[in-house]
Amino acid sequence: MTPRVREILGWYGADNAGTLTNLARLLNHGRLAGTGKLVILPVDQGFEHGPARSFAPNPPAYNPHYHFELAIEAGCSAYAAPLGFLEAGARDFAGDIPLILKANDSDMLREVGDPNQALTASVQDALRLGCCAIGFTIYPGSAHQLEMFGQLRAYAEEARRNGLAVVVWSYPRGSGLSKEGESAIDVVGYAVQIAAQLGAHIIKVKLPTAHIEQAAARKVYEERGIPIATPVERVRHIVECAFAGRRIVIFSGGAAVLDDGTLLDEVRAIHAGGGFGSIIGRNSFQRPKGEAIRMLGAAMEIYASTIVRPSAGKALR
Amino acid sequence: MTPRVREILGWYGADNAGTLTNLARLLNHGRLAGTGKLVILPVDQGFEHGPARSFAPNPPAYNPHYHFELAIEAGCSAYAAPLGFLEAGARDFAGDIPLILKANDSDMLREVGDPNQALTASVQDALRLGCCAIGFTIYPGSAHQLEMFGQLRAYAEEARRNGLAVVVWSYPRGSGLSKEGESAIDVVGYAVQIAAQLGAHIIKVKLPTAHIEQAAARKVYEERGIPIATPVERVRHIVECAFAGRRIVIFSGGAAVLDDGTLLDEVRAIHAGGGFGSIIGRNSFQRPKGEAIRMLGAAMEIYASTIVRPSAGKALR
Amino acid sequence: MTPRVREILGWYGADNAGTLTNLARLLNHGRLAGTGKLVILPVDQGFEHGPARSFAPNPPAYNPHYHFELAIEAGCSAYAAPLGFLEAGARDFAGDIPLILKANDSDMLREVGDPNQALTASVQDALRLGCCAIGFTIYPGSAHQLEMFGQLRAYAEEARRNGLAVVVWSYPRGSGLSKEGESAIDVVGYAVQIAAQLGAHIIKVKLPTAHIEQAAARKVYEERGIPIATPVERVRHIVECAFAGRRIVIFSGGAAVLDDGTLLDEVRAIHAGGGFGSIIGRNSFQRPKGEAIRMLGAAMEIYASTIVRPSAGKALR
Amino acid sequence: MTPRVREILGWYGADNAGTLTNLARLLNHGRLAGTGKLVILPVDQGFEHGPARSFAPNPPAYNPHYHFELAIEAGCSAYAAPLGFLEAGARDFAGDIPLILKANDSDMLREVGDPNQALTASVQDALRLGCCAIGFTIYPGSAHQLEMFGQLRAYAEEARRNGLAVVVWSYPRGSGLSKEGESAIDVVGYAVQIAAQLGAHIIKVKLPTAHIEQAAARKVYEERGIPIATPVERVRHIVECAFAGRRIVIFSGGAAVLDDGTLLDEVRAIHAGGGFGSIIGRNSFQRPKGEAIRMLGAAMEIYASTIVRPSAGKALR
Amino acid sequence: MTPRVREILGWYGADNAGTLTNLARLLNHGRLAGTGKLVILPVDQGFEHGPARSFAPNPPAYNPHYHFELAIEAGCSAYAAPLGFLEAGARDFAGDIPLILKANDSDMLREVGDPNQALTASVQDALRLGCCAIGFTIYPGSAHQLEMFGQLRAYAEEARRNGLAVVVWSYPRGSGLSKEGESAIDVVGYAVQIAAQLGAHIIKVKLPTAHIEQAAARKVYEERGIPIATPVERVRHIVECAFAGRRIVIFSGGAAVLDDGTLLDEVRAIHAGGGFGSIIGRNSFQRPKGEAIRMLGAAMEIYASTIVRPSAGKALR
């Protein structure tokens, strides 16, 4: 157990030993074991975007075993997927990599202004499949947000009672937000805060832009001169919004497949800004496995490098 | 236990021995026992379309015993029906044929743009009636889809905990889809993926057309040159969408009663494309029993023939 | 136990001994005991239409004891009523007549195009009151139909687990049906099928007219030449729709109070068409008791007479 | 135990000894003990109308102890109030007066055409506070009526299983009724019947007017010549609607504060018509305590006087 | 135990010893221990308004430990916050200060005319985190008010069964109220009454204005000459609305950050009017800690001063 991992576990004083053990498993697995950084492979796009759009660019990815293999070979910290994908390999790869069961999902066969998610797996499913954590998506800003918050609350309570960790995908969406607002710095910061207040151990958001969506927030950002001009500053602000860095925040890239230079620049910004890592889906499994492993390796190299860490909000006790 | 059945059971590593036993019962019954192929008789049309439209073309079919008898005499793999029909014969034909209890149904007394289903039976009903599996319909694309996904999740969890298999009828429907889109290749592929991610052991879809419904999907199909021109190619693609062939996908014909030549051509395409079989309702029970047995026999003959099987996504372990 | 009752019980092979015992109690009570026919007194009109409209024509009927007495003295097979009416006499008349607890009801203080029912009693209530069965109303065709089907499913499962029988009032209603369509032959046949598929032991419908509501059904009725011109033919068709006569179907008259000649003609048609009996409410309790007993006696006389019974769908085992 | 109380208890043959005991407590307490008549003090106006409108006319009434004291000193049969008011005095006045816990309530901060109520207390609350009964309001005629009926069903079942009595406030309301219709004789009679069918032991309604709201009802009232011209006749009719007098019906006055002459005239009409008593809220606690006690005493005097009682529907056994 | 605290506990006679113990903990902690007054630090603004708007004015406040420290060092009676903030420090500061777990919350990413809250924590969470009470927000006047009342009912029942106290934030809101009406004297008085009737031990409202919102209320305020011209009179009236002072009512300031003079004037008015204290969030944590401690100290000084207490509604027993 490295001092850094021990420090991070110390932020979760209200959790039982079971949940801390599973958090430790995530932090102590793969290439980044012990560094306090995470690179997670998530593959829920088959559900979220459809199989052809997700897997035709790299056909071996239709096979659920492929993703277990990719995550293991690349040295990822964990592999996250919906129920079906995990059931299709949990016994075959038992013990090889920490698993995160996505417990809710939505699809694109019906697109609506105020999205919602279906409950697609249970905490009990996560336990029987040997997972370390559940994953849960919320859409702050959607007309259905209060329902999703309540569902997350119930799932999170059951998960932590059973010694699992809780990873929240916090994606602002809904008819009350502009398209640009979904990745606005104020909105993403708000989404991180909500997830943290709902009890998330790990929070996943998109890298925010410098746009400010809400007038009441703009006033504060300007008056206080909060620095948000560069990606590093924005990451730093988002981490601050996660209980002054006392909750693990990881980032995904934009919606489109990026060239590796841009992607690794984002990783550098996340690292420099005190972010805890990346969750890289389409940019990894939609290319040949060898390329993906090289790219993920490059990202992990960056996260493994030493930098002066912006200190997390200090523990007073 | 044939090697093929053993191979198929190997894809369901997360299931308990009870569920594997019931999957084996389905795969080891009737004319196609041991081949890895299935021909199932489904009779939910009394509920779905009304009794006169369903049974007047062949009046003995009003009698629930008729369908047990037909499925048994024809050597089908299983018989699937709603609660009432199974209750009316489960004791009389106990042990004669694997049963699948349809756990939700809808009717045509009220047609709506975004259809939904009523829960009409429970997992406990399936257990007390000696069934091997529950059947559950979802309408991906309907405004009620998330509710149905959540209901399926709960039913599937209870079913597999009790050692039953889960068969999902995945029918795209709803105001967001064109009529043509309900059987579009991209939409049916998506529907298969959703059912598989929700934990289905066996997935039933309609034979898709070459139409592509969603613009974002069309782009991928064209760029990647996914072959979908012939029925065989389309079946192959659908099977690929079911975890690279590691989930059992079976097909129904179109909505209308077909001439046998067309129907058997479809069966040949399903077989050649790596599909796992057919579910044949109206084309079997809406004709005299002798004719139906001959037709079903012909279909099974095709499925029993040896062809070079497109290999399912390989097991990495 | 007469052979006919034994035959009828044989249709319910999936039920436990408790439910069969209660079905037998209904079939072996009163003037028609052992004949396989039923005449039931239902008194839910106080709830459904209001007390003055229901009971002012025969003021002793305001008293809940009156209906117990009427059913007993007339030799009815059973008495069906909502919770309050049964609670008001269940101890006083304990053991005197089989009781059916109506478990849902609606009223006419608020009329809507798509009616629904309130749950007004539980299966547990039926058990503590010594009932043989629960009664449950569904409105196939209403916008609320799926909800009612699901409620019936849950009630029926609990009822049969506890050894009670399930009587379903299946009344097509709703904004998608014309007024004439509510009693159309195709619609009533469909309503019977739905109730049977939902697990009803006994199904109550209105005597249908020769009207055909749905275009898709009309095509079949005409092509197949299904005889529906006379009341006897229509009853025969409805019985066929109830699993080829393997479910008990009973009939109510029209909405208005009939003259006795018309009413007894209907009874003769039901009897001749293979129907299992009548449920006669307003035509019995809205007249002086003596008259009611004479009329009910005349109806029972008809049902007790021997006719060549159209054979129910034969048991294959 | 007086013969009259014994007779009344005899109407509730389906109830367990616990519930009969609590009904007896209500009938055997205070000035009217043993007479079969009840005068109940209800104080839910703080919730229903707000504190200033309710208590400013007599400021000591802001104090929850005041109402316990008033009910006790006046010799009322029981005191009914929401959770907070009962919690504020149940220990202090334990055993001094039968308590009825109002289990649902609504307020006037948001007025709507189709009112509903919030569940504000549980049966378990009533048990831990030492209550004899729960009180429950329904609004027959509201768009939310079926939901309220279902809630009452569940509460009533739990209450009687635990030996409590059930008092139903049955107030016709909703967009389908005219304002005048809310107190129409046919509508109030209907409301009483619904409450009785739902299993109420005691039913509270408003004194009806001679107005007839529903056309179908008007026809019956006119054809049968039901006498409803005088208050006495209307009370008699309402009592008839309550299972021919075999359920306890009590009455409240109109909405406004009445002069005592009018109020006592109403009491005389209720008594003469065979009503079982009054529930007097604003007319008692919105005046000085001494005056209130005198007025309540005068009302009880009337109820205690001997009159020839219109016989309740006779018990047949 | 001071006589005053003993007196206050005496108002809660229906509660078990566990709940009284936790109420005593709140009343016996910090600078105001034993005085019967409370100053509570609430920090739910991160959820309610977003992190930047809440914490950027005083960046150390991003850190959840900061607020524990502030509440402890200032000598507050308790610290109230959502799940995430309490989880982040409950072990570190175990036993240092009474905690109140906000069990529901809402955000400003989606603003609606009729607000609602999401359930964000459970009673079980409060128990495992060592809290003395749960906090629950209701919006009387919102279209969702009945749902929130029902949720509060269930939470409060579970909380008091487990020996916790219940603190209700009662904020009138909704499309039926004018903006001015949200803090109108009649509306705030009504909101206090509702919370008290729902079983709250402690009620938090905003300081009301002299505006009267509802016409029916205005009539009473004018006729009875209820004094509401000054803040002291309005506080006195609000306390009267809380069961004549037999429930603890505390107040928050207005929406904006106040200058200290105004804030302390409000505190003086609350104290003089018989209010039980203040809940001070943004005015304390949005300034440097030293300033906040001085300001909170000044407020506590005022509450600790002796004044002639308007006697609470006298206990009759």
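We just call them A, B, C, D and E in the order they show up, numbering each chain from 1.
Following the convention adopted for this analysis, a contact is a pair of C-beta atoms (placed from the backbone, for glycine too) under 8 Å apart; a residue touches a chain by one contact, two chains touch by 3 or more.
Computed from a predicted model, the values in this text were never measured in an experiment.
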| item | value |
| --- | --- |
| Shared interface numbering between chain D and chain C [over half = same, under half = different] | different |
| Angle of the C-alpha superposing rotation, chain B to chain D, to the nearest 5 degrees | 145 |
| Inter-chain centre distance, chain B versus chain C - centres from mean C-alpha coordinates, in Å | 36 |
| Chain centre separation (chain A, chain D; CA means) in Å | 58 |
| Overlap residues in chain B, where contacts from two or more other chains coincide | none |
| Residues of chain A touching chain B in the complex | 46-47, 49-53, 56-57, 59-60, 62-66, 68-69, 82-93, 105-111, 116-122, 124-125, 128-129 |
| Residues of chain E that touch chain D when the two form their complex | 11-15, 140-143, 145-147, 149-150, 153, 157, 172, 174, 176-177, 186-187, 189-194, 196-200, 214, 216-217, 220-221, 224, 226, 237, 240-241, 243-244, 246-247, 313-317 |
